[in-house]
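A, B, C and D label the chains in the order they appear, each numbered from 1.
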Amino acid sequence: MEDIYQEILPFASKGKQADYIPALAKVNPDQFGMCLETVSGEVYPFRQADTRFSIQSITKVFALAMSLSLKGEALWKRVGKEPSGTSFNSLVQLEVEKGIPRNPFINAGAIVIADILMTELDDPEKEFLDFIRALAGNDTIDYNMEVALSEREKGYLNAAIANMLKYHGTIDNDIEDVLMFYFKMCSVEMTCRELASAFIAFTNACPFDFAGYKLSPSQIKRMNAVMQTCGFYDEAGEFSYLVGLPGKSGVGGGIVAIYPMRYAVAVWSPRLNSKGNSVMGMKALELLTTATQESIF
Amino acid sequence: MEDIYQEILPFASKGKQADYIPALAKVNPDQFGMCLETVSGEVYPFRQADTRFSIQSITKVFALAMSLSLKGEALWKRVGKEPSGTSFNSLVQLEVEKGIPRNPFINAGAIVIADILMTELDDPEKEFLDFIRALAGNDTIDYNMEVALSEREKGYLNAAIANMLKYHGTIDNDIEDVLMFYFKMCSVEMTCRELASAFIAFTNACPFDFAGYKLSPSQIKRMNAVMQTCGFYDEAGEFSYLVGLPGKSGVGGGIVAIYPMRYAVAVWSPRLNSKGNSVMGMKALELLTTATQESIF
Amino acid sequence: MEDIYQEILPFASKGKQADYIPALAKVNPDQFGMCLETVSGEVYPFRQADTRFSIQSITKVFALAMSLSLKGEALWKRVGKEPSGTSFNSLVQLEVEKGIPRNPFINAGAIVIADILMTELDDPEKEFLDFIRALAGNDTIDYNMEVALSEREKGYLNAAIANMLKYHGTIDNDIEDVLMFYFKMCSVEMTCRELASAFIAFTNACPFDFAGYKLSPSQIKRMNAVMQTCGFYDEAGEFSYLVGLPGKSGVGGGIVAIYPMRYAVAVWSPRLNSKGNSVMGMKALELLTTATQESIF
Amino acid sequence: MEDIYQEILPFASKGKQADYIPALAKVNPDQFGMCLETVSGEVYPFRQADTRFSIQSITKVFALAMSLSLKGEALWKRVGKEPSGTSFNSLVQLEVEKGIPRNPFINAGAIVIADILMTELDDPEKEFLDFIRALAGNDTIDYNMEVALSEREKGYLNAAIANMLKYHGTIDNDIEDVLMFYFKMCSVEMTCRELASAFIAFTNACPFDFAGYKLSPSQIKRMNAVMQTCGFYDEAGEFSYLVGLPGKSGVGGGIVAIYPMRYAVAVWSPRLNSKGNSVMGMKALELLTTATQESIF
């Protein structure tokens, strides 16, 4: 990892952190953390691997896992699994075809997933947190309410998307409630170490059974397939090409990737490229799979 | 395979073969062939595994391999590698962003690849055929000129795409010449056995060096990544989800999939679903990876 | 008019009234009213010319007049004057180019106008009503709060549009407040007689000066030009072609048209065609200008 | 006119002439001509009123008149009459809805009109020229073959549009033939004086009967309505707003406008604004109708 870090250092000042809300804008952009955990339990933390950051869209993987466990294949009547061909927040209309968002990782899809969880669960906020805590084995993981409220306040585009979905009849709960829950889910803060640990669950090395939510090996494989094709907004092809692992990124600067049956790796650096993915994070993972000559292909 | 075949029999009359040109319309739709070849050379043919059919868009994988060998990473300045989010022939405009097609497997991208091959090669038609013959180890593989000419005659949409590309300045050669070469490449006829054999080259089990065209293991991996995210038109996510292997389909009813370092499998049945992919072919590959519990994820 | 009425009777059961809110759905669809008023003060009412109905989008003409009087040509920095090329409520995204709605008669444009009025006026709801009352010379004209609240409750698409505008920074006031004012403006109820009388103000026969709001003859002409090109959603060309007068329609089934320096005519019948314009209303106005051989062309 | 000219002089170097083909690029951009002809036969030429220039899209008015005379209202089954909401050559796809171009003045629509004329006429090139010569009363008006061939050579976008139309089955004749005829029609050269004279025919002051082609007063009015809503690409609203007359522009820098029953006016200056309309031409016509306080509204 030190080698990788040395090689990506020239990119350390490239890109710009998310600044659409104050809570994200005030993060020190010159940080870098990484942690790889193998299925046999070895953990390789590096630099700020224990600094918590806003996981943002990475949360959509957890939400998908929960809803897939609850609804099974019926879930896909509510949300598609095709790449969007558009950036994560543009073109409200094209993201929604007759009310069905193209996949669960664009905002429209994640909002529908949030709506499903609200309908299915008694106390969605508590149960979602319990699920993540069980995955990561850490009870101190929590929402950051400052971030969530700040996102809600400025969340006009997501509000537009939610209203479009409601217009198409594909959201059952109150728009405000769904949006608030969605923003809370995105506000969860975790460290690279915690993320790597949580994503071991998606390597299929052990049965998936956390906080009562179960997924079959086949379901896990399929979730990885969705991450592979849809996990990186308009850069899914690029990531697949350069890194060759299923994964998910967030505008907080975090990226998690999975090598099935082998390891999970999380990387974090706040500066983003024009597609909203961490510059150093993308580079680090590319070097990791190139150096180890290991990708799923 | 017999088990798989029995299970997919109920789907034998679902879908409709491509009928936009007479040469494809006259194929007997009630055929099914399959062939799996392992990297150690075992071959498992099934039913019409030795019947030749029009490989159509599967040819785009061969064209990509050739152009990647010739141009290296510089190729990606001419064509992207992101999923299109649209069907393979719709929305001319959206397929081309400032003249750069979204990926090499949509028609716009394949036409740019055809243009590149024409610029780079002395005798593109002969050399392309030589390359495929070397990959499949069979010198009788050939273009079907009836199909090529028939496609050219009715190819208004591809002509529209080629003119759009020329307007954007991203085609160097004469439009008519590029289109004719493109249609010839699509008209190549192969059997499932030959396709499986040819695609062993993309499993990375041996060094890639055919008819003088070389690709590194890393380049092969990346080609597989592109197939995974872009190989099935508007059903890339669905195929990735159900089958979990990189692959490519064609409107002739053929599908090829690759398990890196393990095997290549080709399946063929002319009846297509609404997205232009073989109904029985998709189903057969889904059952294959489910039965063997083997996918790349 | 009796002749016209006899000729359009075969269309009396064609089309379907707006039913997206109960208050509009419960209107008896089999009604027809018409009233022509000349600039010299002659009034020709016909059938239900004195029945009040929901003027809906016709209100956008009054709102445009008010904001044009307040802001002058600077208004056009906030809203365009080009036809939209799309239906009145579809394609949220295309209606708004970098936050500038294409014209003041699509919903996005009218919402921006509502925002402008809220910023400029002390008591926008009262002053807007005062303005309409002065135009029509009738102090009993009022909002229908049942309609307004009902629209607000179901107004997901307009809420999506308002959020998109806010995201682009082109709405200054609170979204909820702007939407409520917008829906109130649309809920105003008037008769054909009152509408014809109010629209005499836009014929340029007399100086425009109502409730303190003044417009020059040149500004009136230009407002008529906007009505001509943008007044009928996706049927502006059709109306211009068949009727040849500037005008504005509403989903309540009303249509008003203006013959500059000559007359204003209002017609009402609740059944709408697929473009959201009154079937009998369109037909009646076509016959009127064909019979009199009078159009602006 | 001298007054108008003095007032628009500050705009004399604004904009840039069309330069996509050499024949247009080599025109001296610093020219200005204008000619107004009244229905009673008075002619007011100004400056380069007798210099011929490429009428380009203004030809679409003549082609529409001819096809409307030949096909009557049935014409509108092949082409719509709604404004496009897009620029004259962008967004191939959106211009054509199920093969029906939105109006006869966008390129897609004019290409369909060219196809209709080719089907209906024995010698379309000769008859089209005869028609224009009859309208302008001048037998020396002719095609400029250098311009037509040069446009054909570079006409990739129009070729893309024609192929899209053929794909949708809405062009009957050979694509190459239709395009060549279309480009010839656009290459016609006329002076401002000739254009004003020809457009008197569309003022409805006299019966329309030229070279055997007749149109009723009602048909003329409706043609004017189409010019009003669709005659200026993406600036139809702006022209309607500022000038208030039906008209048509061309990328050669010409604009013609009509005051029904009163006059026709042609203006020419090669420098274009970003929408493809003559900068000085637009300004001159705006001042003309403002100064005379005469518009159709």
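Basically, a residue touches a chain if its C-beta (ideal position, glycine included) is under 8 Å from a C-beta of that chain, and two chains touch if they have at least 3 such contacts.
These numbers were taken from a predicted model, which means no experiment stands behind them.
Counting steps between touching chains, the shortest path from subunit B to subunit C takes 2. Ranked by distance of CA centroids from subunit B, the top chain is C. One finds 47 Å separating the Cα centroids of subunit A and subunit C.
Averaged C-alpha coordinates give centres for subunit A and subunit D that are 55 Å from one another.
Per-chain Cα centroids separate subunit A from subunit B by 32 Å. The residues of subunit A that reach two or more other chains are 94, listed in rising order. Taken as a contact graph, the chains are arranged in a single closed ring, with each chain touching exactly two others. Pairs of chains in mutual contact: A-B, A-C, B-D, C-D.
Interface residues of subunit B, counted against subunit D in their complex, comprise 91-94, 156-157, 159-161, 163-164, 166-167, 175.
Those residues of subunit D lying in contact with subunit C across their complex are 80-86, 94, 102-103, 204, 217-218, 220-222, 224-226, 228-230, 234-238, 240-242, 244, 246, 260, 290, 293, 295-297.
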